[in-house]
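Handing you a structure now.
Each chain gets a letter, A, B and C, in the order it is written, and its residues are counted from 1.
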Amino acid sequence: MSTKRRRAAKLPKLKRRVFLPAAVGLAAAGISTLALLPQAGAAQSNNPSNLGNFGYTGSYIYGGTQNKAGGAISYKKLNPASIPYGKTLFLENCSTCHGALAQGTPRAPNLQGLGAATIDFWVSTGRMPLADPTVQAVQKPPRFSRSQTLAIDAYVSSLAPGGPAIPNVNLSLANLAQGESLFSTNCAACHTITGAGDALASGVFAPTLMVATATQAAEAVRTGPGNMPRFGPNTLTDQQVADIVKYVKYLQAPNDRGGIAIGHVGPVSEGFVGIIIGLGTIMLAGLWIGGRAK
Amino acid sequence: MITQTVDWFDERLGLAKFTRKSLNKIFPDHWSFMLGEIAMYSFIVLLFTGVFLTLFFVPSSKEIIYHGAYKPLDGHKVSEAYASTLNLSFSVRAGLVMRQMHHWAANIFIAAIVVHVCRIFFTGAFRKPREINWVIGTLLLILAIVNGFLGYSLPDDLISGTGIRIAFSILLSVPVVGSYLAFFLFGGNFPGNSIIPRFYALHILIIPALIAGLLGAHLAIMWHQKHTQFKGKGKSERNVVGVAMWPAYALQAGGFFFLTAAVIAILGGLVQINPIWLYGQYIPYKVSYAVQPDWYMGWLDGALRLMPSWEITGFGHMIPTIFFPAILLPGLTFTALALWPFIEKKITKDTAEHNLLDNPRDVPWRTSVGVGVLAFYVVLFFASSTDVLANSFQLSLNFVLWGFRILLFVVPPIAAYVAYRVASETGSTAGTGRRKRANVIFRTAEGAYYTEQTAPRSPQHPEESAEELPEEVEYHSLHGNGDQELVTSAAQPGPSGPAGSPSHSGVDLGPRPSGGSGIFRIPRVRRSSTPEAGGDQIGGIGDRG
Amino acid sequence: MTKVEGGGDFTPPEVEIVEGKRGVELFVALAFVVSVLASIALAVTFVLGGQPQIEGALLFVILLGIGVGMVAWGKYLVPQGPYSQEREVLKSEIAERQAFLASLDRGQRQIGRRPFLMKMMGAAIGVFGLVNLFPFLRSLGPQPKKALYTTPWKKGALLVDANGSAVTVNTLEVGGMVTVFPSYDVGGAISQTVLLRAANTAITTRPGRETWGPQGYLAYSKLCTHAGCPVGLYQELTQQLLCPCHQSLFDVLTGANPVFGPAPRPLPQLPLYVDSSGYIRAQAGYDQPVGPGFWERGA
């Protein structure tokens, strides 16, 4: 009889013993899932939704001034036959804000003379067309196919001369180690050293580089979209741009010799994993030891 | 064989007496008592992995050209410290696992200390006689944080180099002697060539030695004073109830070390931490965004971010703005933490010795102070990731920063208030949990009836009268029947009467029902009751011997 | 029964044993066996050259096996009690304390009779200690002196980028930026300066700086006035420089005035001019200390 009583008296205490660590354990499981999510997201988005312009074999008319044969970057000539189609697309999708001749309106900037690379970057990354011009455009699935985009590029760049042409990066001629050095000097300050991206001041942010194609990365360097500084040919040579692009492509699947990369955002996610999963698991073990054997 | 060894040592050191006490030492079993152990075991893992790393790490800022296994950095000018870290990560067997285990162990070490401190605080375990150990514990926490910072600075990578740059600026900000402090530690103006070797000496020798020494004192004092314990059946201010050191606790604690190491090992093997090859060599004019310190420095980083741009100038001197969040705040924090037992004594005027722990809900005011202060540091901690939070939730950085500035002053009082309310509501009010006293009806020989209340149990815990527990036996000979001599007190006729007699409490002197003649058993306290309530043996464990 | 030297025999007494529990015994044995197997696998991994994830996972299994085995053994196969032990009173008896005080006092008075010797001993040890401070104060590092007030920049210094290439008026496009150094201090931690081009026309950031920004080129110290991080983030549309460490924000067009965050002072501006060959040079060094504040600095 006394044994029975004893067990009954013990029950509530047992519950208390189990509850707190169990809650900690649940939290650990939840947060670990969260911590691993960006990783999963990054892995998925490693398959860019557009394939770049490598398959394009049209004839070219607009060469950039810096077009050097045999270099790490060649500049795409656009097919003049696509200009009428590009014009149609532009009038349907862009002219409301930018004007029929891309001359700009109070709502949106003048696009004349910006160059094909600028137009190509904004349209191919899905940032344009933009629903709300007051917030920073974000990367989304592009509205236009590759050939439609090139047609728009051709139309807008036919309106006025100037600006960089669409770069075509030959990664086999680029130097990865040189790229690392240039990337850490010029890009890491905003995009972070792992290319994960981060929030800047005043509601703008440096986007992640995990989804950029080689062409888009080179276009961004050359044209400085949005708040990004512009790196002209006197600041970075074509070869240097190609080196940077090669390193950006490397960062999309870097050497994660240490294991799961937990988002490549450094101590923030490491701290959460260490405290919640590390200490949490050990505390669960402690719960097993600290509890009384039956 | 064992007997002879024991003899040999005992004649030279007199070990038997002390060691036997240690073998019989009682450890209260509650999971929250394991937190300090986690910290200690992580520290041991740190020592093992750290020694391994010293075999391969070169603490030097000398520039060399890297031609190692990691190709994206091929041909780069790097420091020997950075190159050797790369080499031990890529070319040494188990090198990367050891490095990552070392880093994870550091994160867990400090996390365990913090949680341990919280446990001690909220249960009042720092009260007399344990104030000294509380102060030592505070010092250990400071040293652990400092050594963590020194450690992750050693690889000389871009992220940690930026941290060293900030550390230089923080030293500069100390009034009067700041510039001298900074120049002396760094061997000149930033960056200098001395900081890696000096951090190395501090990190692997001086601070670990201090930690080991203080940890030894921490444990020795704990051993001498014995553990606290939660209130409960059979537990009193004057006893310790739990599992014996030898062999049950020794096996469990030893196993717990391996379990702690196992968790650290799997993190070290499977989850990447501080991939310095992706960060590159630290070069003063390069910087990466999203630079955060390791988590235990997060609250300082957060304070640096939230601090308004107030800089005090006058009389030809300046107190830079970072002095307040980076020197003053931690100074006040750790001073207040170390002095808390004395502060609380001033408030409560409580000079009694406490070996029984408070349930946090029974002391709402302390719980509420603790929760409020903790909330303050948690807000600061999260403020160190303003940029990452803004990016993850697509918010304006300015909005997030201002949000945190407001939260820093709004959250702590709310948290403290909520904690106070919850503690007060759930805590026991006077009389709660105390057993009702029975009214017993007696019939006199003459046939008259009268009622009498049963004797009251002691106000807090009926088990508190363990003073009747017999002293440990001082045994003089090993002859004869071992039952009498080796059993601590169990076999000694205690001053209390036989069980069931009208004493308020007694000792269960009998052997356990399962154990036969339990010789090495240390007696348990059993609550016995008045004869009238004789059958109500709630606390009884064994039979009546 | 064994002989105990100098005092009788030791008869091992009967012990309380936890009986049965075959299942637990099997489990503990299994845990240890798994650990041994994992150790062998780890050795094989090392022989084959090693792989971090496999090493980590095997270490986990090894340590887990030992740990689980020991804990289960200690928890299920040996008696658990609960046992109770009395606490000794920490405080000494009054008599003991008195005896202690007496001993202390005895020594004190015996020494205290010779106060002169006492002072001399203190002096000897103290002076020795003070002298030992000298290596620390004089050899750990140089005195700061004027180091925090000056930078390598001086009049006529040629601006070069991190590779040592001279910066000309054509180097940057509008909206571009580059980190520059004086040609004789490439990569300098203190001289690092951010050069950006905000427009095509000369820019006056504040009164008195009419000639400092030729052709839209503006140069600011790259050391944040808050904690000394490199202010490397140029937001071109908003014309702001952001510090990556603690998010101080500086307005480029008004002389890098801090507009947000913890930085207390503007970034010092380097006055520039374009020389006859089109190279950009410094008109003079910085007119104030760069980087974070310190005590000796007045304002």
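In this text, a contact is a pair of C-beta atoms (placed from the backbone, for glycine too) under 8 Å apart; a residue touches a chain by one contact, two chains touch by 3 or more.
Small disclaimer: the values here were computed from a predicted structure and weren't measured.
Counting contacting C-beta pairs between every two chains, the top pair is B-C. Comparing chain C-alpha centroids with the centroid of the full set of protein C-alpha atoms picks out C as the closest.
Rounded to whole angstrom units, the spacing between the C-alpha centres of chain A and chain C is 31. Each chain gets a centre from the mean of its Cα atoms; for chain B and chain C, those two points are 22 Å apart. Each chain gets one centre point, the mean of its Cα atoms, and the points for chain A and chain B are 42 Å apart. Multi-chain contact residues of chain C (touching two or more other chains) are listed as 52-53, 56, 67, 71, 75, 80, 82, 162, 179, 230, 232-233, 244, 247, 260-261.
Contact with two or more other chains is made by residues 29, 96, 100, 252, 255-256, 259-260, 263, 267, 269-270, 283, 285-291, 387, 397-398 of chain B.
Those residues of chain A in touch with two or more other chains are numbered 185, 188-190, 200-202, 206, 257-259, 285, 289, 292. Only residues 185, 188-190, 200-202, 204, 206, 224, 226-232, 234-235, 257-259, 285, 288-289, 292-293 of chain A touch chain C when the two sit together in their complex. Listing the residues of chain A that touch chain B in their complex gives 1-2, 5-6, 9, 13, 17, 21, 38, 176-177, 179-181, 184-185, 188-194, 196-203, 205-206, 247, 250-251, 254-262, 264-268, 270-275, 277-279, 281-283, 285-287, 289-292. Note for the complex: chain B touches chain A at residues 29-35, 37-38, 70-76, 89-90, 96, 100, 103-104, 107-108, 111-112, 115, 158-159, 232-233, 252-253, 255-256, 259-260, 263-264, 267, 269-275, 277-280, 283, 285-295, 298, 385, 387-388, 390-392, 394-400, 535, 537-538, 540-541.
Those residues of chain C lying in contact with chain B across their complex are 2-5, 7-11, 13-17, 46, 49-50, 52-57, 59-64, 66-75, 78-87, 90, 136-137, 140-144, 147-148, 162, 179, 181, 187-190, 192, 222, 226-230, 232-233, 244-248, 258, 260-265, 291-299.
Listed in rising order, the residues of chain C touching chain A in the complex are 52-53, 56, 67, 71, 75-76, 80, 82, 162, 168, 170-179, 196, 230, 232-238, 240, 242, 244, 247, 249, 260-261.
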